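Some structures are shown below for you to check.
Next come two complexes built around chain A: one with chain B, the other with chain C.
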Partner chain A sequence: MYRFEVRIGHAGFRVGSPWRRPIDTLRRLYAGYPTPEEGIATLTARIAPPKPWRRWLRPQAAIAGDHCLPDMVPMALRHALLALEMAMNMQVALGERRYLLIHAAAVERGGKALILPGESGSGKSTLAALLGEAGWRVLADEFVLIDLATLCVLPFPRPISLKNDAIAEMQACVADESRFGPVLTGTPKGALRHLRPQADAIARMNESAMPALILFPAFGFPSDSAGVSRSELFARLTEGSTNYIALGQRAFEAMLRIVDTIPAARFAYPDSAAGLAIVEQFCIEIGL
Partner chain B sequence: MKHALPLAHALADPISALSLGPGQWTELLAIARAERLDGSLAYRLADLPIPGPAAQALDGARAQAEFDRTRLLWEVEMARRALNAVDIAPILLKGSAFAFAGLPAAVGRSAGDLDILIAHDRLDAAEAALLDAGFEWATSDSYDQSYYRRWMHELPPLIHKDRGTMIDVHHSIVPLTARRTPDAGALIAASIDIAPGLAILSPADMIVHAACHLLADGDLSGGLRNLWDIDRLLRLFAAAPNFWRTLSERAALHHMREPVARALRLAERLFATPVELRLAGHDRMVDSLYSRRLLARDGWGRPTRPLSRLAFYARSHWIRMPPTMLARHLWTKARRKRMSLSRY
Partner chain C sequence: MLSPLFKTDFPQLCLTRQIDGLLLVFHRPSGTTHFLERPAPEMLELISGRPMTAEALTDALCERFGFGADAEARTVIAVRLAELVAVGLVRRC
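Entry: the complex of A and B
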């Protein structure tokens, strides 16, 4: 078993693979990340051949680890990096019981966090990646972790997974080629490439930020914006949380405070330039 | 770690965890989660000065266990309301009994399904009441349905359509086709009312059922957790006068002397549970085959010892039904698998 240990925010991962190359790729992608606190990784994510012969014969990688969903479809070995990233996601999505999880991207400026929830395809990852190159600090791409007592966003700065057209777009604005992972073509999500956030985002992964604004992006429509009611905000945030129910009353109370105190809106945008302009306009209005 | 023994040690003797190195903590957590004993471990190590990251991970396991307990107790209440309406007072089994009665086996125990025992002649009424209360069959396959109804000790599993929780309604504790035939009537007659409309098994029967669940009804998967239940229960029950004599009598009554004795020996072997030697008997050579199977898990949380697993899997079928019936059962299952594969 080849292994790699890494700390991302509060979480220490041990990642394992019976094949060497996926671990080497992962190590390059996570260059500059620290090792787990006190050397203790508390979450295990791994890939494994679904049947013994699948290690060599038309090799396939199945997702496994401490926390796992049954009936996950194994992937071709050339997509092993995606399988490992999904295995790591699974540990957080199913195992996190300290912080409230929100399915969103998040960025920070001046100590204040902007949260971008949304379904895949809404453009939240691309927007977060673009903002990360425009003076903002990337806090999270997939999972926003909220402290139940303070409502602070805890950074979880994983590499951002860019899909399809977003890959070329980010390649055009990030000069450092070493921040990109390999291009994975023909995955269930299409073409996919990971982008490591700027060194600053990794160095400051212990610095949390108070949420100041929640924006729901919708990519591919004419520019428009509208408010989001407190009840809709509550419904959409809880719907996208994998641990809201398990955290019980504390999560309910935290969620109520979020919808009562943090302004939220939705906006549509036809392209990245328009999207960034709308985000900046919202930020000016609330003084972020 | 090549096996789960460090987990057994950490549960039985929490101080032993203080000498673990960083890599060993990672392995212990992976094994505990794979055996679904992370919640139990969390409570056992709660007051010890263990490293920060491990303590935080175990805090999470405690939060999960607390949530499981709340949900399970709510399911108990839902089942009570549905069944009391048709004059059935369900006997809670396993996790729900431990949680409702506040037994030490419930501390940190991860719980999923609700298991209850009712008299065989009230099965139809119970089924109708649960269907009426919003439960639905988990399987609509006609072979599964008729198999359960004809041969099993429980109804086919029911899942609630809104809450997504599962209930297993038992009328005995081993399949009707099994080699051993516990006396379901005696279990019910000796049960103890614990709240209006709810009962639990008597302490001795609870041990018989736990031993039965561990050794006479399955392939020992999840066995370490079942054995940990037995350890926790025995340490409490053994304080009562005459407990061991009663256990001996009940084990004989249910034709479960041998599984009970073996369960006691395995608990003593892995968790240093104090047991009565006369009832447990002396170590047997084959006991080590059982303990090897119970500990077959490596430091990545992966199942190991495939031959041992396969042997116990085969044994689980062998003890549950006579050979000709087993052949027919496997034939039907294999044909169904082929048919479902050919559809793709």
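Entry: the complex of A and C
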């Protein structure tokens, strides 16, 4: 078993694979990340062949670890990096009990966090990646961790998962090729490539930020924006949280404080330039 | 056959908050969260601490809202009651 250990924010991961190449790829993607504190990884994620012969014969990688869902379809070995990333996601999505998880991306500027929740395809990852190259610090992609007592966003700066057209867009504005993972084609979401956040986001992964604004993006529509009511905000954030139910009353109370104190809006945008302009306009309006 | 009585642990075992005209309820025993709109909160209030049949609940609710307890009202209340039972906020006893 080949192994790789890495710390991302508060989480120490032990990642394993019976194949060497996926671990080497992961190690390159996570270049510059620290190792788990005191050498102790608290989460285990791994891939393994679903049947012994699948290690060599039309090899397939099944997702495994401390926490996993039944009946997950194994992937072709050429998508092993995606399988490893999904295995790591799974440990957080199903195992996290200290912090409230919100399905979103988040960036920070001046100590204040902008949270971008949204379904797959809404453009949240691309916007976070672009903002991360424009003076903002990437706090998270996919999972935003909220401290239940303070509501602070705890950084979890995983590499950002870019899909399809977003890959070329980010390649055009990130000169350092070493920050990109390999291009994975033919995945269930099309072409996919990971982008490691800027070194500053990794170096400051212990610095939390107070959420100041929640924006729901919707890519591919004419520019528009509207407020989000507190009830809708509560419903959408809880729908997108994998541990809201498990955290019980503490999560309910934290979510109430979020909807009571953090302004929220939705906006549609036809392209990234328009999306960034709308985000900046919102930020100006609330002094972020 | 006797009509079943319905009871609830609302509001004793719940946390509640009014948001945008809806009642947000966190039900401690089940750990579930619900958005309720009229007449569900009023139904829960009426059977809170005083279990009653669907018929008695319909009568009480219609009296509160100033409606006649006709067949349509009984059907609507029966459906709403079944929904509240399904989500665990109301139990048959």
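To be clear about the criterion, the second predicted complex is superposed on the first by the 288 of 288 C-alpha atoms of A that agree within 3 Å, B and C clash if a C-alpha of one lies under 4 Å from a C-alpha of the other, contacts with A are read in each partner's own complex, and residues count from 1 in each chain.
As a working rule, contacts are C-beta pairs under 8 Å (C-beta built on N, C-alpha and C of every residue); 3 or more make two chains touch, one makes a residue touch a chain.
Bear in mind that the values here come from a model prediction, so they are computed numbers and not experimental data.
**Student:** So, does A:229 touch the first partner chain B, the second partner chain C, both, or neither?
**Tutor:** Second partner only.
**Student:** Look at A:256 in the shared chain and tell me whether it touches chain B only, chain C only, both, or neither; answer first, second, both or neither.
**Tutor:** Second partner only, chain C.
**Student:** If we overlay the two complexes on their shared chain A, which of chain B and chain C does A:37 touch? Say first, second, both or neither.
**Tutor:** The answer is first: A:37 touches chain B but not chain C.
**Student:** Taking the superposition on A as described, I'd like to know which of chain B and chain C A:173 touches: first, second, both or neither.
**Tutor:** Neither: A:173 stays clear of chain B and chain C.
**Student:** Per the overlay, which chain contacts more chain A residues, chain B or chain C?
**Tutor:** If we count touched residues of chain A for both partners, the winner is B.
**Student:** In the superposed arrangement, does A:248 touch chain B (first), chain C (second), both or neither?
**Tutor:** both
**Student:** By the touch definition at the top of the document, which applies to A:57: first (chain B), second (chain C), both, or neither?
**Tutor:** Neither partner.
**Student:** Going by the contact rule set out at the top, does A:66 touch chain B (first), chain C (second), both, or neither?
**Tutor:** So A:66 only meets chain B here.
**Student:** Contacts for A:183 in the overlay, against chain B (first) and chain C (second): which applies, first, second, both or neither?
**Tutor:** Neither partner.
**Student:** Which chain A residues are contacted by chain C in one complex and by chain B in the other?
**Tutor:** 245, 248
**Student:** Flag every residue of chain A that touches chain C in the complex, lowest number first.
**Tutor:** 229-231, 234-235, 238, 244-245, 248-249, 252-253, 256, 259
**Student:** Considering only the defined contacts, which chain A positions touch chain B in the complex?
**Tutor:** My answer: residues 1, 10, 12, 14, 16, 36-44, 46, 48, 64-67, 95-98, 245-248.
**Student:** Which part of chain C faces chain A closely enough to touch in the complex?
**Tutor:** 15, 17, 19-20, 22, 24, 26, 28, 31-33, 35
**Student:** Tell me, which parts of chain B touch chain A in their complex?
**Tutor:** Residue list for chain B touching chain A: 22-23, 25-26, 29-30, 33-34, 51-54, 56-57, 59-61, 63-64, 66-67, 70, 300-302.
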